[in-house]
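Once you've had a glance at the structure underneath, I'll fire off some questions.
Lettered A, B, C and D in written order, each chain numbered from 1.
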Amino acid sequence: MPPSWNILDFEKPIAELDEQIAEIKRLTAESGEDRTEDILALETDRDRLIEQIFANLSAWDKTLLARHPKRPYTLDYVRTIFDDYTELHGDRLFADDPAMVGGIATLDHRQVMFVGQQKGRDIKERGYRNFGSAKPEGYRKALRLMKLAEKFHRPVICFVDTPAADVNVGAEQRGISGAIARNMMEMATLKTPVVVVVIGEGGSGGAIGIALGDRVLMLEHSIYAVIPPEGFAAIVWKDAARGKDGAEVMKVTSEGGRELGLVDEVVKEPLGGAHRNMDLAARNLKAALVKHIDELLEVPIPELLDTRYKKFRGMGAYSEKMI
Amino acid sequence: MPPSWNILDFEKPIAELDEQIAEIKRLTAESGEDRTEDILALETDRDRLIEQIFANLSAWDKTLLARHPKRPYTLDYVRTIFDDYTELHGDRLFADDPAMVGGIATLDHRQVMFVGQQKGRDIKERGYRNFGSAKPEGYRKALRLMKLAEKFHRPVICFVDTPAADVNVGAEQRGISGAIARNMMEMATLKTPVVVVVIGEGGSGGAIGIALGDRVLMLEHSIYAVIPPEGFAAIVWKDAARGKDGAEVMKVTSEGGRELGLVDEVVKEPLGGAHRNMDLAARNLKAALVKHIDELLEVPIPELLDTRYKKFRGMGAYSEKMI
Amino acid sequence: MTPAPWFGRRAKAARKTARQSVDALPDGLWTKCPQCSEILFNKELLKNMRVCNKCGYHYILGAAERIESIVDDGAFEEMDANLATVNVLEFDEYEPKLAKWRAKTGMEEAIITGVGEIDGRSVVLGVLDFHFWAGTMGGVVGERVVRAMEFAIQNDMPVIMFIASGGIRVTEGLPGLMQMAKTSAACAKLHEAGIPYIVVLTDNSLAGVLASYGSLGDFTISEPGLLTGLTADRVAKQAQVVNVPDNFRRAEFALQNGHIDRIVPRKDLKPTLIKLLAFCREQEDNEDAA
Amino acid sequence: MTPAPWFGRRAKAARKTARQSVDALPDGLWTKCPQCSEILFNKELLKNMRVCNKCGYHYILGAAERIESIVDDGAFEEMDANLATVNVLEFDEYEPKLAKWRAKTGMEEAIITGVGEIDGRSVVLGVLDFHFWAGTMGGVVGERVVRAMEFAIQNDMPVIMFIASGGIRVTEGLPGLMQMAKTSAACAKLHEAGIPYIVVLTDNSLAGVLASYGSLGDFTISEPGLLTGLTADRVAKQAQVVNVPDNFRRAEFALQNGHIDRIVPRKDLKPTLIKLLAFCREQEDNEDAA
């Protein structure tokens, strides 16, 4: 069993059942006794419990899920979804940014360019990956790879998983704002299909800097927001502790994204969240990627670009008054 | 009179006459005596002496002239040649490099983009300008400005005056080689006329990084070389002191450039070098710029690009054996 | 340049729009400069384009005053004034806030877009007003920016965007964030069409607006001393940023790091814009311009 | 891929060219690794592609061996072998030097260009040989590189350039320097034509070759440990560079600073190239390839 800091509050009853099941399995393995039925019954109970709990998760619970320390990160999916991933490094200007990874890969027989933010699993990797907060060089590397994909007519897949872009002194010095802006401008007219998937945290400008695509998907328990819920609460109510309310107001969940008309498809996660069955989560995601990529590859480029422009052109709300 | 370190050895006889003339002028100004004829005679003598001396300058002498501490630098010419020079800064990536300057300007009624390396006159400015050795950010700024010129169909004027590109740790870290290479590649297909003038030192890769143009001019007493003569001597004879011979072998002078077929026009300097009459030097250069720009503006862009490609495509020597 | 046909009815309506939102100075005859503490007479300050004549401190300028300071003798016609704000998240505190900013400024939203004349050239302008909800970008700002750019493409006019913004209006949520993508996509169209695009950064130029159409100009000029960066001040402090240079996220910092072309004092802004516009486009029949 | 018509007469002639310049190992049975001092048997070393099997030190590989290590079973045809070197500066020490390098290596010039097959694909290759005059680029190298690129454009083939060079051949003077412009201009044409262009940096990748066609690949991969930068070692020392990181101008330095895609050990080079080529181009009729 994982240590308790790896378990969210609402997961605790599930974890208890998990532990009971594991305990019985351990005992029967030692004694040779057959308690298959007991185990099955407990597993059914547990799955029903998970369904119950997950049917009632708040936007804030989803926020915690999206940041779950056991949640699969970009490279976990990459390993399962792609064959032959060959990482490519560097922005050709300043550095290689480990918070943004990318490279060529094959999705079954399809040659694709992959780009995504990478968080770190342990303390050391978190430091190395800067917690998934990319610097200007990360966004510039991503753009470089996307331009290569464009040259060779290969689709681009972007995985979004970042709390925010890096805003430390170095990032501001090297123009983090300009890097994000430039990426969106170039992606708007990139002459090849682009599929974006928010797999965990879709954090503000840090996310949108690689998220202007023909299709924007969200994993079921990921979030996508203009600002972290805590930040919203701090600005709106001067009370960062009201993040729960902020998450609700902003509709940060995948259903929220669908409801607001900004997300094309929500990719189902295994019962209890992607971290309970990484392999199944990856297979679901792969199926979705294949479907969207294959659809997009059929679309002539001018039509693709026109549709992409109109898609983002149409986002945001306003009304037109008669005057 | 300038302090003696500002006078080259072969300039000393000239400087002596200059001093005599100045002395007489000073005396007559005090006494009211009319010695106009004496002065004229001395000036004629001096000019004949200059002609004699300059008729016999070696390639090494020309190297010293090109590096003359009193030689006009890029911004000296800019002030005289252009109206309304508006400097534009920065590479949009990392920094503004004071060793490479540029901006929009008007050449009489013509709107042009100007780019050039800038040395420093005094110790403080030399440090600030890094002795005219640009860093990657300098080359990237230059390219950014050239791409703006392309967008708005304005001709580009590049002034070359650099001992070499910067090769310190930071420059290597930020990819000085790639920056120079990228500039040449982009300049080869830049859809607007480009006129290059070597005004002082045309130092190797540092020079060619802004020197791929439709016309390449040299000021009469400038040099253009693959390596400083001292460096040539160090490599070829393991004796950096033989720079004089290196300058000769490499044909670093403007006549050398013409002879090798790599320079389109040598722009005459005032008698004794540009530093003896900056204003006249600038006027000569301006006339040459106007002529070439106006010629190039008449050429349709596809023809311009084709001619430019063939020009550099044709450089370098080889023979074809029958086999 | 011959005036475009749509430009006939400009003068009065435009002036009315522009005047609506002139930001009032504090009551009384004088103001204390927040930078050098000099006592400045309001009349003098207005004459000096709200720049302290002692230390050069640039007060934040409202959109209407900004437009007046840039266009030829009031030659400005607003466009898309009929676009109205929508509470896209159906957040019950949104509309009261909106009402408050409207009351405070007399403006309907944080940006004014339209066509103005500068030295006889027709130019599409977009001017954010920091006094309206910190110049935040939501659906109306995004749509006005994009329509302005599309109008510029259709009519082959240069675009000048004045930035004065704390970023995206967070109470518009993810649709607000998408204004970054939307306006950046429109910038791509501008560049494809070869339209000149000049960005003028003014105090504050931050976050989602800077990180979208505020960073995508052919030319980027900046007023002195302003604050510019990806985060709002507050957030940067929370993040406990270390080794901060003195001029961190000031105009001078951005210049030194290569992100802006020039720092231009307010009084030189119009002449500089005229030079840049002249570089971008011929103006053969200047004398025909209205 | 159906073999191109010109590709019929490849095998023997090519092999002959390639074999001419195989660099000899020192006399005797063994060699001492310059990095770890291990005693390496020459036979083993050759089998291991001249990589120390203890510390991974990559010996400099000659052009012929390099080609053999990359193409399918000797499938390589040299092109432009008839281009001959010219003493462009009429420098009396040039031809003796040239003769010396020719004698030493059995090569005519510092680069071999031609068409090879890699995993059944026809690819244009250019391979510098550091053993010939430090792989310096003069008129013949520049012309061969440009002709190879032009050939690739005409025949829609990918280009792979192996760099191993101290820079421009200074005894070719300004015409030598112009090879930087010439080859970079050819790279512009490559990119315009959408031709895949892969650069492989090997020891040494320096100066004018790195700062021209050596930095302009779509993909740039590098052997481990090599020296790469704008100046030759000697010059950097003269310039008294300070605060030098341990890996200054090594492959790992270039990777960390964002200038190369991957460091690839010699044994993985061909598989990596195959993957990159597959990304760039479909290979629908692979089975038809010779």
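The criterion applied here is as follows: a contact is a pair of C-beta atoms (placed from the backbone, for glycine too) under 8 Å apart; a residue touches a chain by one contact, two chains touch by 3 or more.
Remember, it's a predicted structure, so these values are computed and weren't measured experimentally.
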Could you put a whole-Å number on the gap between the CA centroids of chain A and chain B?
54
Between chain B and chain C, what is the separation of their C-alpha centroids in Å?
41
Chain C and chain D, separation of their C-alpha mean positions in angstrom:
53
Among chain A residues, those touching two or more other chains are 92-94, 173-175, 178
Do you know which chain C residues sit against two or more other chains?
191, 257-259
So with touch defined the way it is at the top, what topology do the chains form here? Options are line, ring, star, complete, other.
other
Identify every two-chain combination in which the chains touch.
A-B, A-C, A-D, B-C, B-D
Given the complex with chain B, which residues does chain D contribute to the contact?
81-86, 88-89, 91, 93, 138-140, 142-143, 146, 168, 170-182, 184-189, 191-192, 207-208, 210-216, 229-231, 234-236, 239, 241-245, 248-249, 253, 257-259
Complex contacts: residues of chain A adjacent to chain C
165, 167-169, 171-178, 180-182, 184-186, 188-189, 204-205, 208-209, 211-212, 224-227, 231-232, 234-236, 249-252, 256-257, 260, 262, 308-309, 312-313, 315-323
Touching residues (chain side chain A, partner chain B) in the complex:
92-94, 136, 140, 173-175, 178
Of all residues in chain D, which touch chain A in the complex?
191, 194, 196, 218-219, 255-262, 272, 275-276, 278-281
The chain A residues in contact with chain D across the complex are 84, 86-96, 104, 111, 113, 137, 141, 148, 151-152, 154
